[in-house]
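A short worksheet on the structure shown next.
Labels run A, B, C, D and E following the written order; every chain starts at residue 1.
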Amino acid sequence: MPMAPRPHLRLVAPDSAGAWLSAEALGCERGERELFTALDVALAPGEILQVEGDNGTGKTSLLRILAGLLEPSAGQVRWKGADIRELREAYRAQLAYVGHKDGLKAELTPRENLAFAIALSGRAPKQTPDAVLEHMGLSAHADDPVAQLSAGQRRRVALARLLSIPATLWLLDEPFTALDQHSIVRVEEMLRTHVQAGGMAVVSTHRALQVPCRRVRLATGSP
Amino acid sequence: MPMAPRPHLRLVAPDSAGAWLSAEALGCERGERELFTALDVALAPGEILQVEGDNGTGKTSLLRILAGLLEPSAGQVRWKGADIRELREAYRAQLAYVGHKDGLKAELTPRENLAFAIALSGRAPKQTPDAVLEHMGLSAHADDPVAQLSAGQRRRVALARLLSIPATLWLLDEPFTALDQHSIVRVEEMLRTHVQAGGMAVVSTHRALQVPCRRVRLATGSP
Amino acid sequence: MFAGNALASLLAPPRFYRFSGVVLPWLSVLCAALFALGLYSGLVLAPPDYQQGDSYRIMFVHVPAAWLSMFAYLILAGAGFMALVWRIKLAEAVAAGVAPIGASFTLLALVTGALWGKPMWGAWWVWDARLTAELILLFLYLGYIGLQSAIADTRQAARAGAVLALVGVVNIPIIHYSVIWWSTLHQGPTVSKLDAPSIHASMLAPLLLMSAAFLLVFVIALLLRTRAELLARERRSAWVQALLEGAP
Amino acid sequence: MTAVRAMLQRDLRLAWRRRGDLLLPVLFFVLVASLFPLAVGAEPQRLQSLAPGIVWVAALLAALLALETLFRDDFADGSLDQLLLSPGSLSALVGAKVLAHWLVSALPLVLLAPLLAVLFRLPDEAMSVLVVSLLLGTPVLSLLGAVCVALTVGLRRGGFLLTLLVLPLYVPVLIFAAGSVATAAVGASPAAHLYFLAALLVLAATLTPFAIAAALRIGAE
Amino acid sequence: MTAVRAMLQRDLRLAWRRRGDLLLPVLFFVLVASLFPLAVGAEPQRLQSLAPGIVWVAALLAALLALETLFRDDFADGSLDQLLLSPGSLSALVGAKVLAHWLVSALPLVLLAPLLAVLFRLPDEAMSVLVVSLLLGTPVLSLLGAVCVALTVGLRRGGFLLTLLVLPLYVPVLIFAAGSVATAAVGASPAAHLYFLAALLVLAATLTPFAIAAALRIGAE
């Protein structure tokens, strides 16, 4: 079916001069389908951007583009003005990404998984794995293989990474999946302290965040 | 560590005489861990049981036991008084199960997936695949391979099965995962009409259901 | 179902545990006596072979080990069947217990066979039908053990193993008849021919004694392993708890 | 009955959607068979005497690799749960699945085998025996393999374990099938071997569907 | 550097947790090698002359199967995304992964090969050449294989496709390696073959890590 040209979609903050993460005229195609065109993003320290949108509007795709995992079909993502494809390692060092998938090894324990994530980040951790697991209410499971944890417990281990790796920009794709109420509150708390300390976050979720943030809806992907 | 015996946990409806689905003294062990012991369940036509509980307390395990997919370590599940292990096909003909995983073939289209689900059920469908997809707002994607749908769109296809297969008992494991607000309302509506027509449902979820139901919390699995 | 229930109560784990505890000491004594007799008659009384000299005496280990390796598989499959159909817990424990024992006897048969093969055929190994079949038997055991260790839940593992063991049972007749179906280097049936064993009585007697002794070793090992399996599987049950409290 | 037909149809349709993959078992078969001349040298006489064995080993390995796709995907995407909960007879459904799998992964090998036989200069009598032995033998491989896949379906890294479980079960088929071709190649009658293969096929076709169904219920817990 | 060490350590630890699986490549190797005598007949002379080829084909197939476990799991559980987002050098990380994989899946084969050589009655001079050829050749197999796995990692059913990509790349290794053993078995000097293998190894070790890293970025989109 022929598509009417989409309106230019602007996610720009009112004052976009101070933005560290910015993207202009991003376009994304998956398969044959055009998800969005001419999407602008700008995010300054201390801000959270909540990406909403119906199923299939491209939230996950947008986050992967911002992380540099997916090539946009048009436009480019910039970090402090420089194209992230040129920055490479320098950009990745600022980043913590929690996707749909948890990124944990099922045979290792939560503690080992975290220790590896820290080593991989190549920087001194903000907190030790033990402290972080304690904070996420997982001390009792710190030495069980992750394979034996339930869906929500695994999700908590994945999110625990955020507390130990020093990163300015958090990219979180539906972080609340499978979490119980306590944990949701705890994660929102984490987001709050992160931005208060000058961090930034892009969060895709269907629940309204209980944290001050800019909210943005992606246009419906299909009629 | 030595375990204190758990209190007997009763999920019995006030009037358990009319219960069609019942289970006495169910026990469940996964790996080395005892999730629950002496759990009773009773569900009569027109009722919904919402299973809550923190992550890892055994909601998924309970649903799989009720479906006959997992052997309980103690006790048995009964349908109209008869052990489901002896009823076999007769019980399964009453059942519709939507688990954590969607149960869709990624290479087939939503329409083909539904047609197969109907054939597998061996009964005349309540509604045609087209009508059901229309109702779930997926008409535009009816002929795309499921691989190209987003997480929430896939979930909707999985739930669409409920509308086409005639089943008395619905077992739904976190049906709202990845759904947007519209779809959540739609699924709650589906649950309402199902029980008004004399159906039953067991639903595990972390969100409070906006439908009259009995709610039940599984005890915390671990300290 | 009824037969199953009756059988299950007859084979209840505590009952088996008590019974096996009583017979084990007697079996051990008997086993030691048979070994003494068998070794004396096999190594001292039996004459050297006119062709093979003394090297044939390895037969007194090789043949019982080979027989038991196959016998153990039949037990594995039988116990598996009972575990699968009647869900008898004792059968699950027996199956889990017998597999490593069977694998050990298979390995013993392979090693003693190879040791015997060097003087007899001039090679440790030939790709002869029976030898290969015995090697395959080892792999069947290893597959069973691998499957057991890959599945975390013991009851699930027992039922999965049972299906595998039952399917694998086809190989047993193939091992046994391999010498008849294909012309092989390996000895044809010498002892087990029903009509007249083609082996001299002075060699047959020690072989039979040693076979009986090995059979007892097998039974004792099986009882011990099964008891240990039962304790581990039933550690939460009342009877094991009582047993533990009874112990100092 | 509709459920069984739908099952067969669905799996064939899936195979068609992935039709690029249809070629792969065949290519694997040819590639493995052609590795041997590379590895052992290419003297015609020697190759000819090795041909039955090589072709059958290649077919067996192709069957083994193809097993991966039998239930693994269904388990991963949750379709298997739906099969297990279907009110129809599970063994019939499973039979349909194995049939579809054989049609897609093994039948092309059987059709291609004569070509390989020509490359290895197998005599004509042996060639027809090769085809018959493949026709009788490969379904047994699929059925036995299905039992083992079903058992390992829930395990994370089943690949090698599967191999360990499957290969010992495949050995009798290999011996009789390669034996039949080798006998035919030297001019003797392969009837005894082929009867034995046929007997194995009948046995497997009648018994294994139940074993597969039982194994699936256990494996998918 | 800590990241690279952590990578190696993590993969070795994972292998240890799954230590049951450590045996499997070895068992597969032995099983496949023992299929041949069953399929082609057991005359010692003939087997002896086939031995280098059989052992190397078995090693190659074991290496091929082992590839499945190289990045597939990391992709499925999302660890691969984390690797790609790590600020360290991806090619170094990937090098560590391939090294761990070789240590776990191929080194045991090398250690076991002498036993197979005895079973096939390979002469003693040929035995040491067999071991050296495996030591030089199997790392090349792991490295080349890793490139192909990386390319197919996002595809649902990569198994056969992978085989198809990999086997042609493996052919040169197979020819020179099996050739070296065969030359040694007839008493000639295998030096030329072995030098060539060594050259292949140096080339692969220096170039492929970059190729693997690039392929991963493409494959994981």
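Operating definition for what follows: a residue touches a chain if its C-beta (ideal position, glycine included) is under 8 Å from a C-beta of that chain, and two chains touch if they have at least 3 such contacts.
Note that the structure is a prediction, hence the values are computed from the model and not measured.
The chains that touch subunit C as well as subunit D are B, E. Just to note, of B-D and B-C, the chains joined by more C-beta pairs in contact are B-D.
Relative to subunit D, the chain whose mean Cα position lies farthest away is A. Each chain gets one centre point, the mean of its Cα atoms, and the points for subunit A and subunit C are 58 Å apart.
Centre-to-centre separation between subunit A and subunit D, using Cα means, comes to 46 Å.
Put simply, the C-alpha centre of subunit A and that of subunit B have 31 angstrom between them.
Residue positions 18, 73, 156, 161, 164, 167-168, 171, 175, 221 of subunit D are each in touch with at least two other chains. Residue positions of subunit A with contacts to 2 or more other chains are 100, 106, 148. Counting partners per residue, subunit C has 129, 132, 139, 142, 146, 150, 152-153, 156 as the residues that reach two or more other chains. Of all residues in subunit C, only 84, 129, 132-133, 136-137, 139-140, 142-143, 146-147, 150-151, 153, 156, 159-160, 163-164, 166-168, 170-171, 174 touch subunit D in the complex they form. Subunit E makes touch with subunit D in their complex at residues 18, 20-21, 24-25, 27-28, 31-32, 35-36, 38-41, 49-50, 52-54, 56-57, 60-61, 65-66, 68-69, 73, 156-157, 159-161, 163-164, 167-168, 171, 174-175, 178, 182. Across the complex, subunit C meets subunit B through its residues 152-153, 155-156.
Within the complex formed with subunit E, the subunit C residues making contact are 123-129, 132, 135, 139, 142, 146, 149-150.
Across the complex, subunit A is touched by residues 30-31, 33, 53-57, 60, 100, 140-141, 148-153, 155-156, 174, 177-183, 206, 221-223 of subunit B.
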